[in-house]
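Okay, got some structures for you below.
Look for chain A in each of the two complexes below; its partner is chain B in the first and chain C in the second.
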Partner chain A sequence: MKSNLINRKIFTLLKVQYSNMLEYRVEIALWAISGIIPFFMLNIWTNNNLNESINISNVMLSRYFLCAFFVRQFSVVWVVFSFEEDSLMGKVSPYLIQPLNPFFRYFAQHLAEQITRFPFALIIAFFFFIINPESIWIPNLVIFILSILSTFLSFLIQFLIQSIVACLCFWTEKASSIERLLFIPTLFLSGLLAPVVSFPAYVKSWIYLTPFPYLIDFPANLLSGNETNIAGGLSMQILWIFLLLPLFKKIWSEGTKKYTAMGS
Partner chain B sequence: MVQNIIDVSNLSKSFDIASKEPGLKGTIKHFFRRQTKSLKVIKDISFEIKEGEIVGFLGANGAGKTTILKMLCGLIYPSEGSIMVSGDLPFRRKENFLKNITLIMGQKQQLIWDLPPIESFYLNASIYDIDKFEAKRRIKKLSEMLEIDEELFIPVRKLSLGQRMKSELLAALIHEPNILFLDEPTLGLDINAQRNLRKFLQKYNENTNATICLTSHYMKDITSLCKRVICVHEGSISYDGKLDLLLKKLSPVKEILIVCRSEEDAIKLENSGFTVKNKIKNEITIKIENNFITSSLKTILNNFDIEDLFINEPPIDEIIGRVLIKKDYEI
Partner chain C sequence: MNLRKYLKVYKKFIHTSLASELEYKTNILIDLITAILSLIGSIFLLSIFFQNNGYIGGWKFEQALIIQGIYTILNGITNTWFNPNLTEIVKHIREGTLDFVLLKPIDSQFFISLKKINPSGFLEIILGFFLLFFCIRINQINLNLGFLTLSLITISCSICILYSLWFFISTTTIWFVKTWNATEVLRSFLYIGRFPLNSFSFSLRIFFSVFIPIAFITTIPSEVFLGLSQFWKIYLEVIVATLFLITSRKFWLFALKFYSSASS
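Presenting the complex of A and B:
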């Protein structure tokens, strides 16, 4: 009974947020296009033959960056900016006195945006394959399903990290500045600019202890068919979620006590 | 006996406010060494509200009315004292408590801006675990009471302020709360929209016996809805009691404009011992204490040749305005 009610809440939230997102389809198409940074990186890598230094063929590297593009498309998170604005403008107040954590709204917003984004990402992939026909491949079904799962887990990790940072709005009004500090390691260590395998061995051993390589590098390697430790990667993703979730709950419960309902 | 639904005892709230001296020197000093001071905005207040009561919170801007409402609905955490609303501690925001209350802020909206209000209603219904058929029934009932129909299917951004406010009310009441916290609900509405909203709140209170806590700067909201008012002055309660008692206390006399048939009658009346405010030809304005209105009018009508008379109530805004700048009113 209770799970039915929760499912209905989630379904309605998703439905409403999807309708809302469809109002912004042009913006979403532009956001999808703005995420083509992995293709620029592919160009840099292949034009300079950098792939030879890490023993990855041109084809595998292009598949990796295409997958990195896809993973990024379906794991991009902006909750800190939305929450910061809503919190500063007092818009979060009506949601705080509803029997549903406001972060579920943002969560549904992100999922709805991903669904809206999907066709645009497919079109971009279509053009990528026209330019690079040798990169076309069909992953096996199990790997494909695991990749979707891994991409969703990556989204969850990023959502939790940003939600924790967003909760700092209760103490400092500009929590997004703290998020910008995280942007640099996310950019360099997640595998968006270069596969993590290209880093020196001693650096790699440290990187794999952080959540960053599980955001893009692991799911992209998994989907593209590059060699990767599937069980280890998925376990680390789940471990990070289990570490971040109670931290979020704690900071949320402490933060709401500090809420001053500014602007309302 | 009607039970208390809200119990507030020795409640205080302080905010840390950053202070900065003006000018470049102040800015640099502020950058390196931020100074904050604790500002007590609510000072040791206590009151009770009974189930089904409509209570108006009156006060000047910044007096603390909205802060009190925010604490009552659990939006902000009190610094000291205790609050019990419907048997719960509001700031714990337990599901059952949240399903029992609603907060409507005139200047804030919860409707999704780009979608028609109906989408927000169904979303709220699912958040409050109301099934689709029941939600449909409630939307129909409330939209009839609020006299909105086609507006439900027009994107919120295209609605007028009045239509939006009605939709906000519907969204906030779909779970049929027992306690309504309304912070300036008629802000910015035209006279007709204000009147309709007041009518609706009155009807909602009669039908459901809901408790309503209301702040408003429009005195008409207060006089037509609230029998009891709590006046807040600089974070303290300066008056808590019946509105008509407060008005009687503050305005013990009424002004009566009497139009006599002739100027001679007016002169006779002027010299008959009444307190005269002014006299212009055959029109004379006198002041009579509330307790002696009937007997005085009888005397006047029996002894003078009167063409017409008007009893003027003193403007309520003016009377309440006097309360808002005073610290204490004993009745």
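Presenting the complex of A and C:
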């Protein structure tokens, strides 16, 4: 009975958010296009033969950047911006009365957006293969499922980190600048612009202890068939989720105690 | 007479927006750290490209740093003036407040493009100048009057092109209503301005000099700094900049004919 109710809640949330997202198809298509930076980077790498020094062939590198594009498409998180707007506008109060953590609403929003985005990402990939026909490949089923899993875990890690930052809204009201600060290491260290193998040794020695390479580099390597430690990567992702989840719960319960509704 | 009126109004604009921005003082500190980290990140990325190669697209590392410096200055200008104002257009049109702007006895483009100012972008401009001065030292560029005027002309042309691009995209809001993400697409395209144009493949080079003239924005001023630039390129940049300014103005006036206010 209870699980049935939860199922229905999840289904309703997803359905509502999906129809919401479908209204802004053009916007989501544009957003998909704005993620093409990895392809510009690929162009610099192959056009200057930079990949020879790190022992990755042209084909493997182009697969890597295509996968990085895909992983990024399905792990984009913007919960802090939504939450900041809602909390500045006083929309959080009605959410708090409902018997459902408002972050489930944002979570469903993100998932719905990913579903809407999927066809646009496929179209971009299709054009990529027309330009680079030699890089077409079919990953085997196990790898494919594992990489979907690791992309989802990467999305979860980013969602948790941003939710923690979003909860800071209870104290500072403008938490999005902290998010913009955190975005910089994510951009440069996650492997979106350059694969982590190409990093100099003094960075490689500590980077695998941070969550960054597991956000894009690990899932992209997995999917593209580049060399990577599958078990190690997945367990590090799960470890980070287990570290971040209690932190989020703690800060959420502290924050809601601190929260004062508009006008009080 | 008229000019004096506009200057007076602009002073008021600066005063009000500074007063509202300085309310969030910690934000400015966080933005400073973000700007510094972002510069470190892009130099780190550049150093990865150069770790086994002496040249990229015919540019040495020290020379490519000049592009980075100019990009940082232009990005700072974007964050100070263009971004806060032109994202406001979207809001004006969605909420129907553009009516109030049009009713004012002042030029609407002036009002809409200069109303707000975001002081944290200044820090980025200062950082960019520091990097440029450092580059002038290490590249042993001797400063003289001709060089200074040429670099001033090219950089101001770049600012004009950049402004027109932003204004162009924001103006399309009158038809499409929600174009947040169109500005994101522009932002991701502008990202390639961090690298020398010659490091990209031929087709991308054509695309970024004919359709979206990002090539003009950073590469030509940097060539002026190195004394490599031919005069026809500078002439071309001046022509492109004036063309863009005039068309963006015409386009705004044209678009206003299609504006139907909130409830009509």
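In this section, the second predicted complex is superposed on the first by the 261 of 264 C-alpha atoms of A that agree within 3 Å, B and C clash if a C-alpha of one lies under 4 Å from a C-alpha of the other, contacts with A are read in each partner's own complex, and residues count from 1 in each chain.
As a convention for this text, a contact is a pair of C-beta atoms (placed from the backbone, for glycine too) under 8 Å apart; a residue touches a chain by one contact, two chains touch by 3 or more.
Given the structure is predicted, the values throughout are model-derived calculations rather than measurements.
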| query | Of the two partner chains, chain B (first) and chain C (second), which one does A:152 touch, if any: first, second, both, or neither? | reply | neither
> Does chain B (first) or chain C (second) touch A:18, or do both, or does neither?
Replying inline: neither
- Touching A:31 in the superposition: chain B (first), chain C (second), both, neither? second
Mind working out whether A:118 is in touch with chain B, chain C, both or neither, as first, second, both or neither?
neither
State whether A:188 touches chain B only (first), chain C only (second), both chains, or neither.
second
Once chain A of both complexes is superposed, is A:259 in touch with chain B (first), chain C (second), both, or neither?
first
Winner on chain A touched-residue count between chain B and chain C: chain C
Footprint intersection on chain A (chain B / chain C) at 24
So, in the complex, the side of chain B touching chain A is made of residues 15, 70, 73-77, 91, 93, 95, 98-99, 101-103, 105, 107-110, 112, 114-115, 119-120, 122-124, 126-129, 172
So, in the complex, the side of chain A touching chain C is made of residues 24, 26-28, 30-31, 33-37, 40, 43-44, 47-50, 53, 172, 174, 177-178, 180-181, 184-185, 187-188, 193-194, 198-200, 203
Listed in rising order, the residues of chain C that touch chain A in the complex are 24, 26-27, 30-31, 33-34, 37-38, 41-42, 44-45, 47-49, 51-53, 56-57, 176, 178-182, 184-185, 187-188, 191-192, 195, 199-201, 204
Listed in rising order, the residues of chain A that touch chain B in the complex are 5, 8-9, 11-13, 16, 19-20, 23-24, 90-91, 93-100, 256-261, 264
